[in-house]
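Right after this note come the structures.
In what follows, chain A forms one complex with chain B and a second complex with chain C.
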Partner chain A sequence: MDEIFTLSFLASVLSGAIRLGTPLLFPTLGEIICERGGVLNLGIEGIMLVGSLAGYMAAFYAGGDAWFGMMVGALAGGAFSLIHAFLTISLKANQVISGVMLVLLGIGITEFIGTATKMSQQILWTWKNNWGFKNFFKDLSIFFEDINLIPLSEFATWLQNVEFFGKAFFQHNVFVYIGWLVVPLVWVFLYKTRMGITITSVGESPETADTLGIRVNRIRYLCVFLGGMFAGLGGAYFPLAWVGNWQSMITAGRGWIAVALVIFAFWKPQRALLAAFLFGGMEALQINLQTKNVPIPSSFMHMLPYLSTIVVLVFLSGGRVLKRIGAPSALGVPYERGGG
Partner chain B sequence: MANQPEQATKRSLFSSLPRIQMEKRTSVPKTFQALVPFASVLVAFILGAIPLFFYGVNPIEAYSKLIQGAFGSYDGLIRVAIKMTPLLFTSLAVAIPLRAGLWNIGAEGQLHIGAVGATWVALMVLNSGSEMSSWVVVPLMILAGAFFAGLFAFIPAILRAKLNTNEIITTLMLNYVAFDIMRFLVAGPWRTSTGNFQTENFPPSAFFPEFFGTQIDKVHLGLPIALIIVAVIYFIYVKTRIGYEAKVVGANPQAAAVGGISQVKVIVWTLTLGGAIGGLAGVGEVAAIQHKLIDGISPTLNPFGYTGIAVALLAKGHPLGLIPATITFSALFVGGSSIQALPFHSIYTGDTIQVPVAIVLVLEVLVIVSIIAGDYLSRYRMSWRRHG
Partner chain C sequence: MGQFLSFPIVEVGLLTFTRHIVYSVIIAVRITFYLKTNASFKMHFARKFSKSTGCFYNDCLLGSPMNKSIPLLELKNISKQFPGVLANDKVNLKVSPGEVHGLLGENGAGKTTLMKMLYGLYQPTGGEIFYKGQRVFLNTPKVALKLGIGMVHQHFKLVPTLTVAENIILGMKDSPNPFISLKKAKQAIAALGEKYGLKVEPSARVWTLSTGEKQRVEILKALYRNAELLILDEPTAVLTPLAAKALFETLDQLVKAGLTIIFITHKLKEIISVTDNVTVLRRGKVIDSRQTKNTTPQELAQLMVGREVVFQVGKEAKEPGEPILQMTDVEATNDKDLLALRGASLTIRSGEIVGLAGVSGNGQRELAEVLTGLRHANKGEILLQGEKVTNASVKELLKRKVAHIPEDRMSQALALPLTIAENIVLHSYRLPEFNQGPILDYPAINEHTAQLVKDFDVRTPGIDVPARQLSGGNLQKVILARELYPEPQLIVANQPTRGVDVGSCEYIRTKLIEARDRGAAVLLISEDLDEVLDVSDRIMVIYEGRLTQAPKNADHQTLGLMMAGEEVKHGQSA
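After this line comes the complex of A and B, so read on.
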């Protein structure tokens, strides 16, 4: 028991929180943009799966170029989410049905392509150990050494070996740091740019936005596409920056957690960072406690994120509270001129 | 934009294709609507041919073998009837609250809790070593499964009724909670001594009676129970006051409030009853198929709970429509798994290839997408504008 009250245990939990929280952060940010535009997208899990397979295959065919894989994963996620956009925005379908169907379609398509290519091309699925994103600061120090910037190289090496902080914060892959960068960017996009404010107005009051000459449905398509790109990126993180190869159902239900995290984050990007790492931390704590043989059943730790989401939702229930913390008023309502 | 005349005219479907114009219909054509589910299945098969074709399988060959696998033999028909059973329960779990405009996404979790409830009774009988007759044990299992699953669905129901908490998210989240409870039990207190993640085998008195079928697959008690529940729900809808109240709340909550219908009551009974029936799906799976509780009573690729949502939609929430809808999805399921093992010849290379079973899931989703499109077309009239 004493082993768990040490700095090194805390460091590995923190490090795990960041590593496991990042694939939650991207889809959560995407869903925030999407819901702020008034479209509830429950299909995140399916979009992430599509992003993960597309990203993996693209990286593979590009000879192990993980950056290219990430890009393709994001684009595939965005393209796939357009199905949801078409059904809910153009055809005014129920957003819940469409979202759940998108998950099933994502599972179906990735399973189909995954097993089909596996059967015809055994070699594609062999473990590729030497590509994908690795320790960013280690790479950085090698890079600086190569271009003869020895002091910077030494600094990067020093940073990743600092007691406690090094292990917790500076031994991750590059996408973890990109995630940290993206959060303020999304914040600026949503609060400080014309487009961001337009998105919020479309999610709050599409009628008013329409009278102001904003093309409501066009903006919503954009929101869904952006949200899908983020989810695809989060999906591509699994094979390219974590597991190292693709397997069926690789996201293991994390897309649903992202949907819940949006509520946890009160639809605010800065809180999404906190929420994603908090949920990642719960998972990391569970894994770390298991390795130390602490007799808490992992099932109970595993259900914590879901239970806490319900608790938060209960506290937020009632229109006034939800409004104050930033829930979009027109969330889930298709827009139709002249009421409908 | 804003200066356009205020008509019920909509802007074009795609801004880049300005000549197609969608106009809201004043009345919904009844025959059109009735045809939508049939047309949807057809359209799904046509669209599903695209991935098959790219993969190198002749779609017509694949589909004919799929239909043959499901309906072509006695074994296939029995399997369709067996897979129908859990789907009927889970689709009822979705369709009943849907009548009142509520979304139960939690049938998957209710299934697992129902299985846990039934297992609890079966293991008590096993551990007490009593010689109770199955006339006592089986009804107790059904009651326990329905009770615990109903209780589990009561949580989102009461939260929605009293606090207006979104039932979509709560039922969704509770799926994972249910799954974790089940996993905790099979990995911990109920784990068999042989070490696998499953319970001991149930005593024979806890088996559902089986009626007819083949050596391996037999139609069990679950199917008649499901069909009786369908009939009862249909009766409640058309003949009783509470059925009418649910319909009014679903169609027009404001009118319901004015008419003095208690929304709280309707929300609680529809969601709780739906949950209890969803639990029966799990009871049937452990008591008739597995004869023990095991991690994986609901298929991972095609979970009964989520498929139930699709079934309920294909049936448009109508209880009697659930029967043909479950037959359709169950046949896809059975036919899909039967063609998985069959050899096909690639139309490009002539090599022997296999069809991944995942095509079934793609077809199922395409059915629903076609339904959505069909519903849209029954609400809007498509016309060509004279000039752009």
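After this line comes the complex of A and C, so read on.
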């Protein structure tokens, strides 16, 4: 037990918090943009899965270039979320149902494509070893081998060797630091740009936006697409910056945590950073405790974000309070010009 | 071997599959954008049309000088057909530059629809719009704004969480810089505010503003976009008399500065005092258009409702009977947990209408809610026919036949997405006549509704349309019809005629008097002193949560003083 109260244990928990918090941070930011535009997207989990597989496959075909994979993962996430946009914005379908459908579809698609390729790889392996034709499917045969991960940061290498702080904060891959940069960028985007206040107006009062010549549905499509891109990035983080390989259900329910974190973050990007690292930290703590033989079931830790969201909602219950902490007024309501 | 072959087939199949999906999405999107409205077709033709005249779309009109000899705006045979309702029927309207043009009509006469077409929110189903002598196609508000048409909506179109300045620049693309700079907006707000008496704090969040201030922001929004034609949709409906006066002064200055104003209202006094010309709409048609100085309120009222309006509702004197409601020393708090009723006492007898006058926010709403079981009374006692009903549940009070006409008809009185029939039985669906065992008896409900719709002259395309499709006056009639069935003992009517046109207003008052003649006790809460004086048998004044009896022959002045909290000597009081 004594090992737990050491500086090195704390450092590894902090380091884990940051490593595990980053794939929560991106989808949370995406969902914040999406919800501030008035569209509830519960499909984050599905979008992340699609992003992870697309990112991984792209990185693989590009010869192990993880950066290319990240880009494709984001685009695939954005494109996949357009299904949700089309259903809820153009066809005015129920956003909750559409979102849940998106999760199931995402799981299905990635399982299907991922497993099919995996199966064919087994076949290829058998073929190669039993009947020859070596190098025939050479490219494909390495499909499920690891790709090059996003590299560790080379920024201020001297900091990495600093006692405690180095291990906790500066020995991460580059993508983690991109996440730190993206938070203020999203903040500036939402609060200080023309597009940002347009998004807010569309989420708060779409009628107002409409009377000022803003194309409400177009802006909402954009919000959903941006949200999908962030979720796709979050998904692509798993195979490309963390695991190095793709497996089914690689996101392990983190998309749902991201949806809960939006409420925890009061729809504010700066709080999303805090929330993501807090919950990343809980997971890291659980992993680290297990290595020190303190058994806390991982399912308990997985429950925590939801439990704390419920606690937050209990304390801040009531529509008026939700409004005060920043819930967009028109969240979940499709826009239609009234009267006819 | 089947497995060996399967892989390439899976891959090829996927590619084809994907390609098909992409194609069908592209086709679907194109079809949706083309067929969404017939307006897009019109826009298509408009583009072609304007090209042939050497002028791209509406752009040729931008910045063209005002010509005094041609009307600024001309509507020719504009019609608007909603499913089941013809909202506007061949409307013709001419507005000359620099005038204040009044648009007068009852609720549901089609004023707002007409103006929404002018602002590009609706597309007319027939007719032509000319602006500065050129035909224009207003398919989105963007086009209207570009042409210099600004609109102040009845329900303000503001984003409450943004600041005043952000609201004003919202949606404007005046510079390529993606970042907002509020400096220019703030200067303009200050300058315009100075010039026209429209003072607001530019960095205040809109939700902190008063109603009057919000309206000023709306006007500033239009002015900031260089509006030449300003449409005001019932601007005084939400204002206090003082704020309305300030608004009229602002309008004066705007006209002096060269703006043209269309002023929509159903208040005759305002038409007379503000406008130069007035057009009267009734049931979607233009009845007449004339100069304001050549007309009288009586004449306008007749044009508006189509018959002589009795401004004074006739009623016979009646001796009140047994006390129905006895309320003593009731205290209650408002939504902000501040004391709103401070020892209010009130007795209403059978066959008596008690009018409650007062400036809004003095506890009227809380009083109505305490009496109808919607608000908890912290102290005091309420007796209904001698039985204690303090803090009884709404269901219990409904059983005792307490009717409530709430102040806010949209959110408190009606379920807007439900049909008229469902709204009509919203409080009485438990009665045996509307049930067959555990199942609602819809034929009976529909029959009942049809009867009430006919009795109360509710103008609706049908009893199975959602309530939200009806205009304010008709909704109020629906509420009244519901609350007067089955015959109530106590009616708490909070602002029953607010925002309702003259015709419906008279009707609602008559119905209340009828209920009183049947022996009901009526509490009429109203800010309209004429109404209180006309309808009530006895007048109480509410001020800061306390009720005072007004003298029997009280006039406007006495009541006004009492409403302001002045002690009035009860010289010949009852």
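In the analysis below, the second predicted complex is superposed on the first by the 294 of 340 C-alpha atoms of A that agree within 3 Å, B and C clash if a C-alpha of one lies under 4 Å from a C-alpha of the other, contacts with A are read in each partner's own complex, and residues count from 1 in each chain.
Simple rule for what comes next: contacts are C-beta pairs under 8 Å (C-beta built on N, C-alpha and C of every residue); 3 or more make two chains touch, one makes a residue touch a chain.
Nothing here was measured: the structure is a model prediction, and the numbers come from that model.
*Asks:* Touch check for A:116: first (chain B), second (chain C), both, or neither?
*Replies:* both
*Asks:* Where does A:309 make contact in the superposed view: on chain B (first), on chain C (second), on both, or on neither?
*Replies:* first
*Asks:* Once chain A of both complexes is superposed, is A:90 in touch with chain B (first), chain C (second), both, or neither?
*Replies:* A:90: touches chain B and chain C.
*Asks:* Between chain B and chain C, whom does A:204 touch in the aligned arrangement: first, second, both, or neither?
*Replies:* In the superposition, A:204 contacts chain C only.
*Asks:* Any idea whether chain B or chain C touches more of chain A?
*Replies:* Of chain B and chain C, B contacts more residues of chain A.
*Asks:* Answer with first, second, both or neither: which of chain B and chain C does A:149 touch in the superposed model?
*Replies:* neither
*Asks:* Once the shared chain is lined up, is A:337 touching chain B (first), chain C (second), both, or neither of them?
*Replies:* Touch partners of A:337: chain B and chain C.
*Asks:* Identify the partner contact of A:218: answer first if only chain B is touched, second if only chain C is, both if each is, neither if none is.
*Replies:* A:218: touches chain B, not chain C.
*Asks:* Quick one: is A:107 in contact with chain B, with chain C, with both, or with neither? Answer first, second, both or neither.
*Replies:* In the superposed model, A:107 contacts chain B only, not chain C.
*Asks:* Same chain A residues contacting chain B and chain C, which ones?
*Replies:* After superposing on chain A, chain A residues 90, 116, 120, 210-213, 215, 337-338, 340 contact both chain B and chain C.
*Asks:* Chain C touches which residues of chain A in the complex?
*Replies:* Contacts found on chain A: 90, 113, 116, 120, 123-124, 127, 188, 192-198, 200-201, 204-205, 207-215, 326, 329, 337-340.
*Asks:* So in the complex, the part of chain C that touches chain A is made up of which residues?
*Replies:* It comes out as residues 3-4, 6-7, 10, 14, 32, 82-83, 113, 116, 119, 121-122, 140-142, 145, 151, 153, 157-162, 166-167, 169-173, 178-180, 221, 468-469.
*Asks:* Inside the complex, what are the residues of chain B that reach chain A?
*Replies:* Those in contact with chain A are residues 1-2, 6-8, 10-11, 13-15, 24, 51, 55, 103, 105, 159, 163-166, 168-170, 172-174, 176-177, 180-181, 183-184, 187-188, 300-301, 306-307, 309-310, 313, 353-354, 356-362, 364-365, 368-369, 372-373, 375-376, 379.
*Asks:* Across the complex, what residues on chain A touch chain B?
*Replies:* Residues of chain A touching chain B: 42, 83, 87, 90-93, 96-98, 100-101, 103-105, 107-112, 114-116, 119-120, 210-213, 215, 217-218, 249, 253, 256, 259-260, 263, 297, 299-300, 302-303, 306-307, 309-310, 313-314, 317-319, 336-338, 340.
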